[in-house]
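Notes for the one structure printed next.
Note that the chains take the letters A, B, C and D in the order they are written out, and that residue 1 is the start of every chain.
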Amino acid sequence: MTDYTDTELMITRAAQELQNDDTTLVGVGIPNLACNLAKQTHAPDLEMVYESGTIDSNPSKLPLSIGDPVLATDAQSIVPMIQGFGYYLQAGRIDVGFLGGAQIDRYGNINSTVIGDYEDPKVRLPGSGGACEIASNTHRTIIITPHTQRRFPEEVDFVTSPGYIDGETTREELGLRGGPDAVITDKAVMRFDDDGEMFLDSVHPGVTEDAVQEATGWNLQFGSDVVKTEPPDEEEIDLIRNELDPDGVYTK
Amino acid sequence: MTDYTDTELMITRAAQELQNDDTTLVGVGIPNLACNLAKQTHAPDLEMVYESGTIDSNPSKLPLSIGDPVLATDAQSIVPMIQGFGYYLQAGRIDVGFLGGAQIDRYGNINSTVIGDYEDPKVRLPGSGGACEIASNTHRTIIITPHTQRRFPEEVDFVTSPGYIDGETTREELGLRGGPDAVITDKAVMRFDDDGEMFLDSVHPGVTEDAVQEATGWNLQFGSDVVKTEPPDEEEIDLIRNELDPDGVYTK
Amino acid sequence: MTKVTDMAEAVSSAIEDGQSIYLGGFTHLIPFAAGHEIIRQGYSDLTLVRATPDLIYDQMIAAGCASSVTFSWAGNPGVGSLRAFRRAIEDGVPTELDIDEYSHFGLVSRLAAGAQDLPFLPLRTFVGSDYPEHNDNIQFVENPFGDMPGEIPVVPPLNPDVAVVRGQRADTEGSAHLWGIVGEMVEAAFAADTVILSVEELVDTEVIRSDPNRTLIPQTVVDHVVEEPYGSHPSYAQGYYDRDNEAYLAWDRRTETHESTEEWLEEWVYGVDDRTEYLEKLEVERFLDLQPQTSYGTPVDMGEY
Amino acid sequence: MTKVTDMAEAVSSAIEDGQSIYLGGFTHLIPFAAGHEIIRQGYSDLTLVRATPDLIYDQMIAAGCASSVTFSWAGNPGVGSLRAFRRAIEDGVPTELDIDEYSHFGLVSRLAAGAQDLPFLPLRTFVGSDYPEHNDNIQFVENPFGDMPGEIPVVPPLNPDVAVVRGQRADTEGSAHLWGIVGEMVEAAFAADTVILSVEELVDTEVIRSDPNRTLIPQTVVDHVVEEPYGSHPSYAQGYYDRDNEAYLAWDRRTETHESTEEWLEEWVYGVDDRTEYLEKLEVERFLDLQPQTSYGTPVDMGEY
């Protein structure tokens, strides 16, 4: 069996969420690696859009930020932010969005704004950026985050990006498109039931279901058939280590 | 004295309304000639914007429509209509707009939509184009039209472009910028008093005040000091005939 | 994946009777070839959307394709009025025509709202005019932030079933470079359900990607790509050919009666199979007269990073 | 009429204490030279407006120039957090900092409303989030056209007193060509009362007019023009130089305490007179490393008509 790191598993698992005809709004780091991996394997036509307004970017090397010049040179199109967010994202032209966050609750609501009180924060985080509109307007979102109790609390301190709200109000009622589709952590993959509540779908090789529950701040639902997460194969690991992130910027 | 036609007088009179640092939204025909005349005489820095989105056009020859390629080649900038109307006109970046119309009433309200009933028109006219927003958003408008009873009725059949409304409601109350500044006809120049009612400011050489009243569908106010309109001078006529419209497209 | 086809195929697979259709271009890049193909294929009951109906809609109205027009200025630019349009409205010839009328910014704002999936867009137009009285698509909403102004007109989205837009060059997947006057083509292309893109020339993807800021129509909104040189004649394509003003003047003369208009359609639309045959009917001198001198823009350096 | 001046003069004539200032560029074309000049001139009580405060605002906050920040994402892009920004908010060091916070589209929409003199713009963001609870600039208005959606969030205009934007090239009157990532610079330039335009190079007006579709910042909005090569270092200028990532990483290390941050400011801002002296402090190898290979866009033919 191929040797791999947690990060490499998260990348390969995220890549598998993408389909060939998807348009995806990408962030730097793991999402960027996942998208590029998908593009080099099963989804060559995947279209990568960045919130900086570069459309179908074709980076010659790993971008260091979502506004890196390699995302602009050789792109299909570049638009002002007002148009990228309005004509693409809000208009429903982006299939998949990637989100991370400091806290995620059982309904997939995400906090990337503050730890503690908003007016008097213990830790001030970067804030939404485009996350709130990505969560509101893509057709599905994939959440990638390390799995710890602190990151999966009963309730988030601030809802930066709406998931399935409180499990009762539907996103449709509120005029929100899509919703969280998968949560990929270093321990497991979670998905959402019809009420918008998170459930355990697969655990990573070597991780127990108990360990997942232990790292989750509420009584996590278990899917009817919790399986083992498919580990990365040799080709994937080779691509990540030798082509996509040869310097190990994000994978070391 | 120089010989001139009614149209030439209207062009020169309109040109005199323009100042060197004005930005003006131009239509083809007389307004275009007036602006180019001003640019070649007292207002070299006059900036000409067209509703097609060409900014500071520098036409090498007389444009045949407001979307003529000569308005695009060598322009300072070209913007989509949504931006030309939003970021320039609505934002208050256009000082002067030119308007014409089939009917104008005493408050400078203009009809360029229908003669007769809107739902069952006697004559269907082209409609607003950008006229309604030019009338609403420039800092001053100049109306150019032939002078006949039919064109200056007591009431217009349809308000396409608001002037001073009913003389009671102020434009400011309604959130409208500017307002009509001058009406230039083949007989006279009219301006507007503090209540937004039109008054006779100057009559053209050879035209009597009675003739102006005769061609106006209401009791036209006379200014306290109605003067004679300044006729074109030789330089102006020379420019119009030999440079601006040598084929007499608009001046014959 | 190539989306290249010919205009006959693009039109027949994209358009159905009764749909709302937008043919693009503000004076510039008007898709006349597409309009003629729609006429030849005998469509009816179309709602025609365009800021300036121009000759192209006058021709489609005369041919009986339209039951409604959504517009903001209906004239023959620089020439006079649109006689077929007026005959339909004033006399119901050849068919009655409903109208849905705005100012330019009103119509463009509707397309922009459609392009962004917004329930409305606000604009400082229509106050003090008679439009709101005659058009329920102009409503007023209160300003929650104060009283300057206290309320503002809003217009709802407009999402045509099909848009036909033109550009100077595109790749086979439909990413297009446009320059010169762009009008409201981008908003319409993003607002429409189905988009036919017609261009003066197909180019390698590398040409498009060498200057991504110029790609105003991206492949993601495009369904069919048609290469059709001179597809905008008698309007123009910046850098490729000038407006054929003689044709605009001729249309004014040839449309004095419905019968003479039909003769024109017979000669220039029904009487030819496609755009190539149409172009063959034009005298070569006319082509030559319409050629501009070359005048390149200073290129940009995108840098290879 | 030329508007060319140097940055010291542009800043001192445009900016006053207590004003709201926007320094532009989304990751790309950030006006670092202007930011440093503002620090050197000792401004205080500024409201800093930017989607991404980035290093430039972190530096201005550390220098005590700011009393408030209007923003949507406050991080060191690709590196981590902004330590000076966090110190001000979490500990009030060196001064207390008010924040006015949006998502990217929320902030950009405010600038777009400001650019168009609209009382508000609607957007499909903020529903279901906690923002509306904490920000009175997010309100809801009813949709007069139906119930899909029944109401929608709106944000009011944002009109900074001064905007500093950069472009690759401009003429002396201030009409600028921009390419690559444009972000929200155009909206900000149209929204601001006073605009300082800084460019990599001044060019003849003919260069600008050879490609008018590229002129995203027109002279009509520009008050001061400054030619300042490498004025965006350590961010980048597409086609001119790359981001100096080493400097972004160094900032993260050098700002671990307020004192070490002050040392950095002493060395790189207070310790130099202007951008030229700043550039002289950089090693030449660093310049050479940041040079991209040339990669020209295929030019367009505008045609001489």
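Quick note on the criterion: a contact is a pair of C-beta atoms (placed from the backbone, for glycine too) under 8 Å apart; a residue touches a chain by one contact, two chains touch by 3 or more.
Values in this document were obtained by computation on a predicted structure and should not be read as measured data.
Of all chains, the one whose CA centroid is most distant from that of chain A is B. Centroids of chain A and chain B (each the mean of its C-alpha atoms) stand 57 Å apart.
In this assembly, the C-alpha centroid of chain C lies 37 Å from the C-alpha centroid of chain D. Chain B and chain C have centres, each the mean of its CA atoms, that are 28 Å apart. Rounded to whole angstrom units, the spacing between the C-alpha centres of chain A and chain C is 40.
Of all residues in chain D, those that touch two or more other chains are 117-118, 123-124, 148-149, 152, 179-180, 182, 186, 213, 238, 242, 292, 295, 302-305. Looking at chain B, one finds that residues 54, 68-69, 72-73, 78, 86, 90 touch two or more other chains. Pairwise, the chains that touch each other are A-C, A-D, B-C, B-D, C-D. For chain D in complex with chain C, the touching residues are 117-124, 137, 139-146, 148-149, 152, 154, 156, 168, 177-180, 182, 203, 207, 210-211, 213-214, 238-240, 242, 292-305.
Chain B meets chain C in the complex at residues 28, 51-54, 64-69, 71-73, 78-82, 85-86, 89-90, 109, 113, 118-119, 121-133, 136-137, 158-162, 165, 169, 171, 174-176. Those residues of chain A whose C-beta lies close enough to touch chain C in the complex are 23, 45, 47, 54-56, 58, 60-61, 68-70, 72-78, 86-88, 90-93. Against chain A, the residues of chain C that register as touching in their complex are 1, 115-118, 175, 186, 190, 208-209, 212-213, 215-216, 218-221, 302-305. For chain C in complex with chain B, the residues that touch the partner chain are 26-28, 51-52, 71-75, 77-78, 81, 85-86, 89-90, 101-106, 108-109, 112, 123-131, 134, 148-149, 152, 179-184, 186-187, 236, 238, 242-243, 245, 248, 292, 295.
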